[in-house]
Structures are given as structure tokens and as C-alpha cells.
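Right after this note come the structures.
Shared chain: subunit A. Partners: subunit B in the first complex, subunit C in the second.
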Partner chain A sequence: MNTSSRLLANWIILGLTLTFLIGPFLIIILAGASDTSYLAFPPEGLTLRWYLKVFTVESFRASFLLSMALAIFGTLAALLLGVPAAYALNRYDLPGAETVRTIVAAPIIVPGIIVGLALLRYLVVPTGVTVTLALFMAHTALVLPYAVRVVSSSMHNLRADMEEAAVLLGCSRFQAFTKVVLPNIRGGVLAAFILGFVTSFNQVPVSLFLSGPGVRTLPIDMLAYMEITFDPSVAALSALLAFMSLAIVFVAERLLGFSRYV
Partner chain B sequence: MSDSFVQLSDVTLMYGKSTAVPELNLSIREGELICLLGPSGCGKTTTMRAIAGLLNPASGSIHIDGRDVTRVPANKRGIGLVFQSYALFPHLNAFENVAFGLRLQKLPASEIKARTEEGLATVGLTGFETRKPAEMSGGQQQRLALARSLVMKPKVLLLDEPLSNLDARLRLEMRTELQRVQKETGVTMVFVTHDQAEALALADRIVLMQSGKIEQLGTPADLYARPETAFAADFMGFENIFRTEGGKVVTDHGALELGFVPQSPMLAWRPDGVTVGSGPHQGRVLATSFAGAHREYVLETALGPVKADADIALPEAAIGETLSFDLPEATARPLAA
Partner chain C sequence: MFRNTREGLALALPAAIFSTLLFLVPVGILLSEAFRFEGGWSLQGYIDFFATPLNRTVFLRTLKLGALVALTAAVIGYAAAFCIVNLGPKSRGTIFGMVVLPLMISPVARTYAWIVILGRTGIVNETITGLGLSDTPLRLLFTETAVFLGLLQLFLPLMIISLVSAMENIPRDVIPAARVLGASWLAVFFKVILPLTKEGLVIGGTLVFTGSLTAYITPAILGGSKVLMLETLLYQRVNVSNDFVSASVIAMILIVMSFSANLLLKKIASARS
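Moving on, here comes the complex of A and B:
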């Protein structure tokens, strides 16, 4: 193959990749702007009323807040568990460390629908914990693998003798962690937070089982809404959420070179 | 000046269930530059970590400046350690790396600034304050690590293989630098190395270690000229070491008659202590190489291979030729078993 035809092939592959990545996104943006009372693509006429309607649907507001709270606090809890776990797995030659790594990764490997069913059948039903608490625990567990993985990889290059150096300069072990380890894995922790936030926010299969009266995460609420009302506001909401995710990733990339950690 | 500024008494160091250093006794004088020398696994780094407080002795005691510090944690011992990897803090610039320990002591800002600047000046890094460690060369990082420890005014400064990560030219420069800093600050320095040339060049005294025990302790001149054991002799460049039996030296290979009767169970010769070109014994040349001031030969003899340096004035013998040689009494070093 000569240079110009290889270049052409590269552009075709790039074009197809972008089409499949961005295409669906464009479809929902436009479908949400369709001036029809049902979901239509290509849009028939353009309007912003469905985008505005999203903000007036009461249940969307409640479920958005629940999803936000789950994503923020679930991810924070996962980091609270995951950072020390990553630290211990990296620093100490623990017996069974490999097993722990595998178990920690389990929520990624096991299909969410099974996790959801299992939590409902063996946690919520027998113990009677509230659905909100079960959701919080489930989301923490789902995000934990990302927290451990991402923080581990940023801790991997951090030599243990740096902490010993800090101790010899007068730090306690804990100060050595806060003054030397944490600042050096800050980027990894933030990356884990963003990854965890997005994962939790977009979570469907587990949350599907853990819904109760008045307790629904946003994606579940959107599914329920669509079953009854098939108007373009769901597409509009999806587009808004996609923009939110994009904004988060964009800001993270600008602030700390997010892509280095993922 | 105290003769036992740092005193290790019957110190046993263990890693898990295995003993790395059994019942070590060592006195380090105030203000001296002492070197722990030995092959990897000899316990030199372990001993250094015990002095620093990074490893607790299983038994025995450690005194520093008259105070029992055996149970004092590392962050309260007032000891500096320059790590082999330098262990600089990558998120802080040069100034903040050096100021790190001073800030922990909650000193007034003006004093922190003055002492940090003084520390950077001592190692010739004035003007590098705002550089991150990653933006500095290996030699500069080493100096920075040195400054970071020195500003704490440690009672003892430990250095782990301080020159091993530098290239040959920088190594020479850092050697002189370390000696200058030590003279200027008067700090007691303990450094660990596996390189005998480095130890000989730098140290006031050398502690030669093997398998967790002190093999020999003495000045560089002492160790170089008068090793006491086969291990020490081997480490100091006595490449021909043989057992003695009556008036003979023997190996598993065979025996040679000496011109004298040795009084020690072993004898050792440096290659330049072996006479080549004359003498009662014959050796076939196995290998030869030119080394500037002399020519190095490996001779196949009744004892097996013997390493010998010949005067460059002598005609070169090719591989396979036979040379006469002697193991003279004058250059023989008697060794304990």
C-alpha cells in the first residue's frame, strides 16, 4: 500500500469510529428537539420545549437528586475503603493479596443483574434494610473496584523509601501518608472519583432491583417514564446528562490530565 | 570526641524468622566517616536501617550520644538517611524538599528560610529552589537529598550506596563533595557500599562485613595491606589465596614447594606480588591483557590458575607459552583460616 492510500484508510477508520461514538449522541440531541409529541428521528421541526419540560417533571428532580447523592457519597465511601486497601495491597506483602484483588474486581465481572437480584433477595428482603441504604451499599461496592484499581496504579510508582525518608525527617507514619503519599496520588484519587461518579450515575441493572416507592435512581426513573410517556423529553434528558458527563471529564482533563490515570 | 558515639551492643537483627545480623558489636566515633563494606546480603544495609530506627533489633541495644535509643522510633532519633534512590518528594520543589523536616518542627518561617538556603548553598544548589526533583540531574538530586538530611543537623548521617547511581565522572566529584561536607559540618557519617575502591577512598575506617558478622575493622590502609582472613584478602584484591602445608602451598588442584616455611594456615598474594619471568616454578599462559603500567597474566600452574602482573619491560608471552614465576615470602600475606 502506498502512503496516500494508507492515509485514506486511516481517515476512514477514524471517521467510522467517530461516527459510532458520536452518532448516537447526535441522535439523542436532535430527537430531544423534535417538535412532535412522540420520540422521532430525524426530528420533525425543532423546539426546546422538551429540554425545558425535563426540569418540570417532579419525579425527575427527586430521582436526579438521589442519583447525585448516591454517586457522590457512594464514590466517597468507596474511596474511603479503596485508598487504604490500595495502599495496603501495594505496600505490604499480605497473604492472600491476590485473592483480595480478585474479590475486589468481582462487581465488574459479575453481571449487574445478578448483583441486583442477589442484594434484593439476600440483603433487602431478609434484613429489612431500607432500599436507599441498600442502594448506597450496592453503589459503594460497584465503585470500589475502580477506586482500588485506579488508586493502585497511581501508587504503583510511589517508592516506599519516600515514606521512610519522611519518617526520618520527623513525620509519624500517618503524617508520612498525608504529607507524602496523598499529594502524590491526588491525581489518581480524583480520577477514581470521576470514574466512580460516572459509573454510579449511569448504573442501571443493580438499581433496577433496588427501587421502592418514591425511591428510584434517575436511569430507572427514565425507563419507567418511557413506559408511560413516549415523548422526546427522555431524549432531551439523556442529552443533558451526556453533556454533564462530558463537562466533568473535560474539566478533569484540563485540571489534572485525567487520561493519564484511566 | 567520644569513641563510642554510636554503640551497637549484641544487636541481633531479624527479617521474619531469619537472622540477618547475629549479635553485632560496633562502636562508631564522633565525627568520623565510617564505611560498612561487604557483598550484597552481608547485613550492611540491615545494620544501617537498625541505626536509623527503621528496623527494630530482636535483641541487644543501640546507644547514640550516650542515650539508649533501642526503643526510640525513627522519627525521634535525630538521624539523617540519604537513600540509594534519594527518595525525594516529587510533588515538592527543591526548596520545599529541604524545608520539609524544618516545617514539621514548626520553626519560625524566617529560620526555615535561612536554614534551607544555607543547606542548598552547602551542596551548591543555590538558584535551584523552584526546580522539581524530576527537573534535576542525578547528581543534583543526590545533592538535594544530602541537603535535606543535613539541614536537620542530624547526630549521625547515614548514606546508602551514595555513589552507585552516578556515572564515573560524577562519582569522583561526589566523593570529594561528601568529604568536604563532612569536614565542614563535622557530622558523623556512616555509609554503606559494596565497592571496595569507594570505601578505601572515602572512609576513615572500614567495617568489612560478611554474613551479618564483622569480618575485619580498620583503616583503609590497614585493610588494604593487612587483611586477616581469606574473605578480607579476596575483597581487597589478593587474588591468589592458598592453604599451606608445611613448606608447601596446596589447592584441590595440587601443591607447590615454597622457599620458606609459612607460620599461618593460609597465604595470599596480590597479582603484583607474584614474581614473573624468574623463579623456580613454571606456568603456562592461559590469558594475557595489557593494563598500561603492567601486563596481567593468568598462569596455569600446579596450583591451578595463578594471577600475576608482569613488568611492562619484560617481553610479552603469548597464550600457551611457559613462564617461570615465584611466590616470594616478602609479598606473602599470612591469613587466619
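Moving on, here comes the complex of A and C:
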């Protein structure tokens, strides 16, 4: 094969692969704009009414706010637990460090649906904890492994003697952490926050069982809505969510070279 | 390294305790449930589970679809990764970014697109009825094919990422050298590329396989109750029939599979470093 036909073959294969991976998004963007009361593609007439309707559906608004709150506060809580743990695992010669590492990483291995069911059955039901609180804790546990991993890897590159120098120069250990370590791992912590936020916001299985009257995360609410209505509003909402994720990742990449950390 | 062990533990333990209480303990109790029978311990839960034909069908279907998705992803992945590695540095970054991006998007959004494509008034059916190939729309949703396509689209990026990073490590001249010495492209693939990218293939394959096994949304939306997979079966067992023993058996199957996959990955990673 000569070079130019090889190049052509190259781009054809890539084009097909990318069409398969990305094409569906273009389809939902257009399907959400169809001027019909049912899903149609190619769209029959173009309208923005489904995109606007999404904002007026009461349950979408409530579940969007819940998902946002879970993603933000769950990730913050995971960082509050994860940053000290990552620090300790990197800087101290701990007995059982490997055990701690395994326990903290465990949530990645266990499918979310099982975690949700286990928490419902053995936490919510016996202790009467509210579903919202259980959801919050489940999302925290789910994000914790990512927080520890990402922060660990950014701490790994930071030499310990900088802190020792700070202590010798009169800082307390805590000051050495806030003045020397924290500014240096800021990028890693931010990357962990973004990764945690996206993971939590998109998470479905863990919240399947942990929902109650008026307590539903956005993806679960979309699943429920899909079962009763076939209008294009779910397509419109899906498109909007895709844009939101893309915007977050784009900004993160521009600001801190996000992909270095993930 | 600091020597003050107590201080270190004080920093590390909150995370470990939180994970233990909210994760290990509840999940452990759930797993133990299938072994409890009439006040004692037994394997009866497992025997009953696999004695039901539907459960066996779902179990085998889940494995089959997982393997099929992993295999297809490997074939497409090799072609795509090979092309990406051959690109110039600038377009390589852009294309690689486009492959990775879908991973950041909500799986609900990613799966919903297939309803638009395969639904009664979707593209495929419009084309078929438009061309007069069939008078009535075909049932494409709620089939194994639909679930297969959805899972493939969801997890293909993971395979491509693994293979691209494996192929970047192949020394530059090896493939032209093999060609000059008279190897056909097929021989180049099986004797040069495959052995040199084995690890990437195993990593990608495990990620895709376990991902497909433990996906919920795709089988729920595209398979429904007609094409149950282990995760959707678990949900149905709990919500429809309050059957926690089956749920516990399914949970065990899923955890054992994803745990062994994880061990395998760890082993590969440590062998490399």
C-alpha cells in the first residue's frame, strides 16, 4: 500500500470509530429540538421548546439540585477524609498502610447497586437515618478512592525535605502542611474535586435503592420520566447535561491540565 | 518519612473507618445473607438460585454479552489505536481527546441516544419503512443487540485508551523491520503487535468486561425486562419480589468477578514496575 492510500484508510477507520462514539450525542442534540410530541429523528421541524420545558419540570429542578448538592458536598467530604489519608500514606511509615489503602480503595471494586442496597437495608431501615443522609454518605464513600488516588499521586512528586526545612525554620507541623504542602498539591486537589464531582453527578446505581418520596437524583428521575413520557424533553435534558460535563472538563483542562492527574 | 506513627494513624484512620462502616460492613452483611438458612449456615441460597432457569439464562447472558463486548472492543480498539498512534502529535492529541470525552458524560445521556436510533420512530426504523423493506416498525429496542451496542459505545473508549498507551511503547522501527523482512500484515499483527501490547489488551479487556458486567443503566434502558442482565435482575428481585437471598447471590457473583479482575490488573501493574 502506498502512503496516501494508507493515510486515507487511517482516517476512514478513525472517522467510523468517532462516529460511533460521538455521533449519538449529535443525534440527541437534534432529537431534543424536534417539533413533535414524540421522539423523532431526523427532527421534524426545529424548536427550542423541549430545551425550555426541561427547566419548568418541577421534579427535574428538585432532582438537579439534589444531584448538585450531593456531588459538591459529597466530594468535599471525601476530600476532607481523603487528603489527610493520602498525606499520611505518603509521609508516614504506617503499620498496616497496605490495609488502609485497600479499605479506602474498596468502593471502586463493589458495584454501586450493591452498595445502595446494603446501605438501605442495614443503615437506613434499622437506624432510621434519612435517605438523603444515606445518599450523601454513599456518594462520599464512592468518591473517596478517587480523592485518595489523585491527591496521592500529586503528593508523590513533592519532596518531604521541603516540609522538614519549613519545620526547621520555625513552622509548626500544621503550618508546614498549610503553607508548604497544600499550595503544592492544589492542582491535584482541584483535579480530584472535578473528577469526584463528575463521578458523583453521573452515578446512577448507588442511588437506585436510596430514593424516597421527593428524594431522587437527576439520573434516576430521568429514568422514571422516560417510563411514562416519550416526548423529546429527556433528549434535550441529556444534551444539556452532556454540554455541562464538556464545559467542566474543558475549563478544567484549560486551567490545570486536568488530564495530567486522571 | 515521619516516624510519629500515632500522628499518621490519626490522619489515615478517619477515611479507613468511614469506608469500613459505610462499605465493608453493610456489603459484608448483604453477602452473608445468602449463606443463612433456617438459622444455620448453608449453600442452599446458591443452589436455589442456580436451579432457576431464568437465573441461569441471565447469568450466562451477562457473561456472554460481557465477553462479546470486550472482544468487539478489542478488534475495533486495535484498529483505532493503530491509527491514532500513526497520527502526527497534534492531531493525535485532538483525536485522543475526542475518544476520552464521552467517558465524562452521563451514561443516561449516552444510552438515551440509542432509543432515538433504535426506537419505533427512530432512524433505523424510519429508513426501513421508508424504503418499503417492512410495513411495520421492527422491534430493535429491548433486544440483546441493543444492549450490546449500548455497552460497546459506553466502554470502547477504555479499550482504546489502554491500547494506545501500550502501542506508544512499541519501538518505532519494529513494524517496518518486520515488513521489510517479508512478514504479511497479519503476521505483523500476531507476531509483533499482539505480543508487545498484551498487557494493554488485558487491562482494556478487563475494564470493558467488568464494566459491562456491572453496568445498570444500559441494560435497564435498552434491555428492559425482556433482556435482563445480572444488575437489572438484582433490582427486579429486590423491588418486585423482596428476594434478598437472590440479591445476595448476585452481589457475590459481581463482587467476585470485579475483585478478580482487579487483582489481575494489580498483578500486571506490579510486574511492570
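As a convention for this text, the second predicted complex is superposed on the first by the 248 of 262 C-alpha atoms of A that agree within 3 Å, B and C clash if a C-alpha of one lies under 4 Å from a C-alpha of the other, contacts with A are read in each partner's own complex, and residues count from 1 in each chain.
In this text, a residue touches a chain if its C-beta (ideal position, glycine included) is under 8 Å from a C-beta of that chain, and two chains touch if they have at least 3 such contacts.
Since we're looking at a predicted model, the values are computed, not measured.
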item: Simultaneous placement of subunit C and subunit B on subunit A, clash or fit; value: fit
item: Partner chain in contact with A:L89 - subunit B first, subunit C second, else both or neither; value: second
item: First, second, both or neither for A:M226, with subunit B first and subunit C second; value: second
item: Partner touching more residues of subunit A, whether subunit B or subunit C; value: C
item: Which of subunit B and subunit C A:R254 touches, first, second, both or neither; value: neither
item: Apex subunit A: angle to the C-alpha centres of subunit B and subunit C, given in degrees as a multiple of 10; value: 100
item: Contacts of A:V180 with subunit B and subunit C, given as first, second, both or neither; value: first
item: Lowest C-alpha to C-alpha distance for subunit C against subunit B (Å); value: 8
item: Residues of subunit A at both interfaces, subunit B in one complex, subunit C in the other; value: none
item: Interface residues, subunit C side, partner subunit A - complex; value: 1-5, 7-9, 11-16, 18-20, 22-27, 29-30, 76, 79-80, 83-84, 86-87, 95, 98-102, 104-110, 112-117, 119, 121-123, 126, 152-153, 156-157, 160, 214, 216-217, 220-221, 231, 234-235, 238, 244, 247, 251, 254-255, 258-259, 262
item: Of all residues in subunit A, those that touch subunit B in their complex; value: 159, 161-162, 164-172, 175, 179-180, 183-184
item: Touching residues on subunit B, where the partner in the complex is subunit A; value: 52-54, 74-75, 77, 79-81, 83-85, 87-91, 100-101, 104-105, 148-149, 152
item: For the subunit A and subunit C complex, residues of the former touching the latter; value: 10-11, 13-14, 17-18, 20-22, 24-25, 27-28, 31, 38-42, 81-82, 84-85, 87-89, 91-95, 97, 99-100, 103-104, 106-115, 117-119, 121-123, 137-138, 140-141, 144, 148, 160, 173, 198, 201-202, 204-205, 208-209, 219, 222-223, 226, 234-235, 238-239, 241-242, 245-246, 248-249, 259
